[in-house]
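Below, subunit A partners subunit B and then partners subunit C, in two separate complexes.
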Partner chain A sequence: MSVRDDVSARLPGGDAGLIVAVLLVIYAAYVLIGVGLGYSLRGQLNTIAVLTFYIGVFAMLALALNLHWGYTGLFNIGIVGFMAVGIYVMALVSKPLYESGGAAQVGGLGLPLVVGIIAGMVAAALLGLVIALPALRLRADYLAIVTIAMSEIVRFSFLSGELQQFQLLGERVGFGGGSGLILDFTDPLEAFFGFFGLWDAYLGFVDSFEVLVPNNPKPVVDGLVYGVVLLFFVAAFYWLLKRTGESPFGRVLKAIREDEDVANSLGKNTNRFKIKAFMLGCALMGLAGILWLMTSGAVTPNFFRPRITFFVWIALIIGGAGSNTGSVLGGAVFAALLYQGPRYLKNLVDTVLPNADAPSGFGPAIAPLISNFDPAPLFFYTIDSIRQLQLVFMGLVLIWLMHNRPEGMLGYRKETAAGIPLTAARARGTAETDGGESASGGGSDE
Partner chain B sequence: MAANPLPEVVPMSEAADAGDGDEPGVESGATSGAGAVGDAPTELNLGSGGPSVSEEYPLQVDSLRKSFGGITAVDDASFQVERGSLTGLIGPNGAGKSTTFNLITGMLQPDSGTVTFDGEDITGEKAHAIANRGLVRTFQIARELQEMTVLENMMLAPKYQRGEALWRSVTPGFRGDVIEQESELLDRVWNVLEFFEIDHIAEEYAGNLSGGQRKLLEMARALLTDPDMLLLDEPFAGVNPSLERRLLDHIHELREQGYTFLLVEHDMDLIMENCERVIVLHQGRVLTEGTPAEIQANEEVIEAYLGGNV
Partner chain C sequence: MGIAETYTRGRQFAVARPGSVLLALVGIILLYDLLSGLATGQTSFSSVGSLVWDGLMRGLVIGLAGIGLSMTYSILNFANFAHGDFITAGAFSGWATTYLVAGLGRADVGALLLVGAGGSVFGGTLGIGVTGTPLAVAAGALVAGVATVVLALGIDRLVFKPIRDEDGITLLITSVGVAFALRYLMQFVFGSSVRGTTSQPPSISLYFVDGAVRINAHDIAVVVVAGGLMLAVHLLLQMTKLGKAMRAMADNEDLAQITGIPTERVVRSVWVIGGGLTGVAGYMFILWKGTLGFNDGWLLLLLIFAAVILGGIGSIYGAIVGGLAIGLTASVSVIWIPSAFARAAAFAVMIVLLLVKPEGIFSGRSTA
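And then the complex of A and B:
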């Protein structure tokens, strides 16, 4: 609470200002390091595009998880399952009809992307309902077991041969099995701008970038623009969940998190509230999965391993469960420092020291350090294995956070669950009854 | 089951008088405390015009039975509570009082027997459905919602809030209705907070309150559901004597407004001084019931409390 009072009260724009400020600091750090090491402009822009992409998806997922865990206290560790269902159903609906001889083994229903996205979200929400109906009656930990089992069941289902190819409405469709599914629907950006009749304008806009990025600027600009689109989605998630939290509905969710029996004894049908909140969060996770993967060209079931679920949890814990602002910040910090940071670091080291050979194993790496105190081989070995070490590092951060700052980087926050500011109304009421007495005015400002 | 309980007992009017004398000096709350007896109905505005039950005996419990494994916690208990009365439910530890409460309010399902509220059979209904019928309970150990402020705790309670529908809370154009109702509810909440004289801690987290303040909060919150009848499970446990007096004053004021109370309590003196009727549970059965005077004279009750064979 104190941290938040100090920081976001001083910033113009309050919480939104805080989020923008943190994003700017992250970008500035990335750009500065890039500039210092002589990255080309194209490289810089690419780095920023990729960074924005991951900030966007992790912020969205953390926001959705915050609705489950931070507000309602639902221990969902099956996030990745809902993402998978979202993108797979979206692909099923939006992939073009099967044509023999094409690159894709199976087709889809050939419906517009928007229909596919909605279908994917609905499917994720329905899967949430199917899980919620039996599992929400159980104690919280059992929901965790059921959700993680579900996410693995979903992954294995998409791996299975039975679902690789089947007939739906007379069309040859399927999920592609273990070899993956080609996402050969219209490029999402093209569909998006085409919908407004702006595709040609967009192509002209891309061409104007040749001044900055000669030789095919389109992939770079596409990446940046898609990043901006994702940030708009983050803003939309934030808006929706803030309204959800600041309402009587959100108040009941908070009460369920605190003590479900009390909410029940006050006449709230807590099961219905839990199911609704769970389904909404699942739909948003499905949407985040769609947005994460729809531009990736293809999707394989083994992408959806539980580790992504735990990434989202780490992001939420960094930001602080229970706070939407914290969720966005947690997503951004996680993406920038823990997820992309080590990879960026490795790229940097490779650029600075292009000729350094990393030892082939741990033995050759550690031997020079012991024999003649030469740390260089171990350092290069570490940098070379940074993708594996990244997980160790995340685990350490998680342990440190749980011990030292379980309430997250923003600390305890007072985000009141009501549609109106409860304090301000009090100030008004006191002024009315006491006739503007100075003492009461002073007290109500607290 | 005498059909003629004394409606007015001396200590009650005494309590009402004591109420305005020694207010612990709250500026704005003082007005509500002082006028409590005379114009009480206008003081406590729950937006519904107070309790409404049609039956003479709104709560009837018939042959209720519940066992956990080999232990029969409630064994064929039958009693009824008269409208507008303050009825005490007493019994030694383990007599089945809390289990009876849980069975009445739907937190537990009885093995057999029926619970009737305001003429309708509510046996086996869900806890929230029973609360929505106007039969609301408080808990033995105050269960405030710790990480919510007192105001949030209170705003939670009113029934059938428009904004409890998710779509209405988020859809532009409809949220206006929700906001409007929130303002109405907030006025009502302040009214009740002032009635209970806890308006000075309104913005405090409920987890930071003292034990007594939690009890007040819990009763205030239960009242905001606009109940017809309140079941209070040891509302005075851990409450200091002056706060106990205040709580009792509030209960008596509310009872005079027509609310019905069923009270579990261990303090015999308190029960005997304040309740019109007393039901004694022992080993899951109703040992006896009657006026305080009758209970005090009852040999069986004395034996049950002293641990004799009954």
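And then the complex of A and C:
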């Protein structure tokens, strides 16, 4: 624990330096493996763009969850429900008006993207309010059950035929039902740069990439730039939550986490604080859902299975609940090692052994092993089913973490509830007139 | 005088328990809607009867599976999210046995053991059913129970025992890890397809006011098995020392240990009883609904949680009554709302009841 904190203290830039260092190590590892296998530059850039994308979304979601669980002690396992509400409401507001003959079965209200994003966040926050009002007064594990039940209700609702298409303000709108919803609003990057009047400059910037990536560099550059935008959002989340945590409001939240009765007896209306914190976190989860899916072209309800909630929890627990830096690190490590890692591994095996045919099921895969000790089909089946097996692996990692390191990478590093830096007392020695205690536990605080 | 008193008492109740009053109002409105529908002939008695019967079957399965969850919840003090995948594991092990017994010699053993993964064997072709292949079904139910007991004990030994003294949330998070590892391991082995498992069972039509309510052989099997096992658990907990020891542990584990109760042995018995019931419940669920997929247990788990919370955690009678209530809600609610929201209605009932009576219907009684 102390070793890790020393690392963080010795790095230039402190926590930000630690995050940058971890990101650099991750990227270096991916690039080195890619170079070793002779990947093209285009492939490398794509890998990096996808990796950055997932680091960004998982870091954002882990940060939002940290506000719930790490700061306030609210056990929310319905994250994916808030993400779904965020993107669906955003699509409803921002999709262009319905035109018959188009590819999209339903239209939207045709409002600008920013309005849609805000509407999506507000909707997610309101859903959070509806959940929080009954559930917060109950035990922590009840909140868990209510939130996960809610996330499944949200998924089933979007799957249902009743919400597939309806009239709103005289427009034909809807959520598309089980067949999904086409997100045919303006390309978010175009809207983003167009807002600043920089779209043509951006296109020129893309064209300059033809030196590196001949023929059609736009998808590659778009992916990279979108990844950078996501990292900016991560930074914004981090800043917002750090500010929130250090504010008087955040101090009450931490008091609630440590002992709700004490906070209550000091005259704080803890229920109201919990509801506000819950709603803020839900809005951020909605925003993360929007940013995750707004560039994907279409969205289906079955994307929002509880496994994504499970991913975010693993990311937070890897990093260490209670620490914003830990949340970002956890999101990055989770995305690089547990989420993208196995898929990258599959690609590697496919590159090394290009002509291997995987059996279609477990039966044909295991039969040769039993009959004539041929492990190859089982191996190829395993590689082919890596998307299922990585969930098994994540489950085992979670169990291992809870057994051996429930505090995550950054130890029990909880941000202190004091408005002034406590560590300064130690630096200045014991000459303080007000009996400045050489905060022994201060070294482990931020 | 009498009227004024009643009025005063009623007003006090309304002020003290606004949730209960609101709930009663909603209930009255729904009942009125149903009765007027029945009176005008828009809703037929027989369709309501069919829905109620369907809900009872679902409720029996939920209640049976809920007993195990309720026991671990009260004695080990955590919400076990792996419980749904114990159900699935029981179902797959049991159905592999049923397929093997019913189809031995008629199809490839590997395909039978994998419960016809990838469409290699079909349950309907094998003629599986309570009446068609009674031996295979009995063997399957037995194996489902035993296999789930073994699985539950193994997972307890490896995963939950080392962190027995941690708080409930730590155990809950760990159980989520177990759930995902188990579920996707099963998907890896058995495939992700949803397969039909039974052939059409024989059924009888009971005349009910204005139409027929069909009851098939598998419904009867569910009633017999679930009812019998519930009775057996009731007797076990009432008649034996184990039941008393479990109640003592649910109350205060340290005190129970000081009084000489072998707490670890009680925990093992809890996994044995709970696991066995869960496995059989999973098997009967699949027998009743006729299809099997790797997600079935998980989807049922949320309803089971609703039932257990509704009934009051730790009470097996609560689990049974809660299961019936949730099963009935999920089935009967389609009278008023679109069927896509039936599941949501069951959760809504749970949430509303949590508001009105957070400790559940059978509050204050732990285990039996």
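Everything that follows uses one rule, which is that the second predicted complex is superposed on the first by the 391 of 446 C-alpha atoms of A that agree within 3 Å, B and C clash if a C-alpha of one lies under 4 Å from a C-alpha of the other, contacts with A are read in each partner's own complex, and residues count from 1 in each chain.
The rule we apply is simple: contacts are C-beta pairs under 8 Å (C-beta built on N, C-alpha and C of every residue); 3 or more make two chains touch, one makes a residue touch a chain.
Note that the structure is predicted; figures quoted are calculated from it, not measured.
Shared-chain residue A:S160: touches subunit C; no touch with subunit B.
Applying the stated contact rule after C-alpha superposition, one finds that A:K254 touches subunit B and leaves subunit C untouched. Using the contact criterion defined above for the overlaid structures, shared-chain residue A:L280 touches subunit B, although it does not reach subunit C.
By the document's definition of touching, of the two partners only subunit B reaches A:L240; subunit C does not. Of the two partner chains placed by the overlay, only subunit B lies in contact with A:L266; subunit C stays clear of it. Looking at the shared chain after the overlay, A:M394 reaches subunit C, while subunit B stays out of its contact range.
Taken together, the two complexes place no residue of subunit A in contact with both subunit B and subunit C. Residues of subunit C touching subunit A in their complex: 78-79, 110-111, 114, 117-118, 120, 159, 162-163, 166, 168-170, 172-174, 176-185, 187-192, 298-299, 302, 305-306, 309, 338, 340-341, 343-344, 347, 350-351, 354-355, 358.
Residue ranges on subunit B touching subunit A, taken from their complex, read 27-28, 105, 107, 126-129, 131-132, 136-137, 139, 143-149, 151-152, 155-157, 159, 161-166, 169-170, 175, 178-179, 182-183, 186-187, 190, 202-203, 221-222, 225.
Listed in rising order, the residues of subunit A touching subunit C in the complex are 75, 77, 134-135, 137-138, 140-142, 144-146, 148-150, 152-153, 156-157, 159-162, 306-307, 310, 313, 317, 360-363, 366-367, 385, 388-389, 391-399, 402-403, 406. Considering their complex, residues 240, 243-244, 247-252, 254-255, 258-259, 261-270, 273, 276-277, 280, 414, 416-420, 422-423, 425-426, 429-430, 433-434, 439-440, 446 of subunit A touch subunit B.
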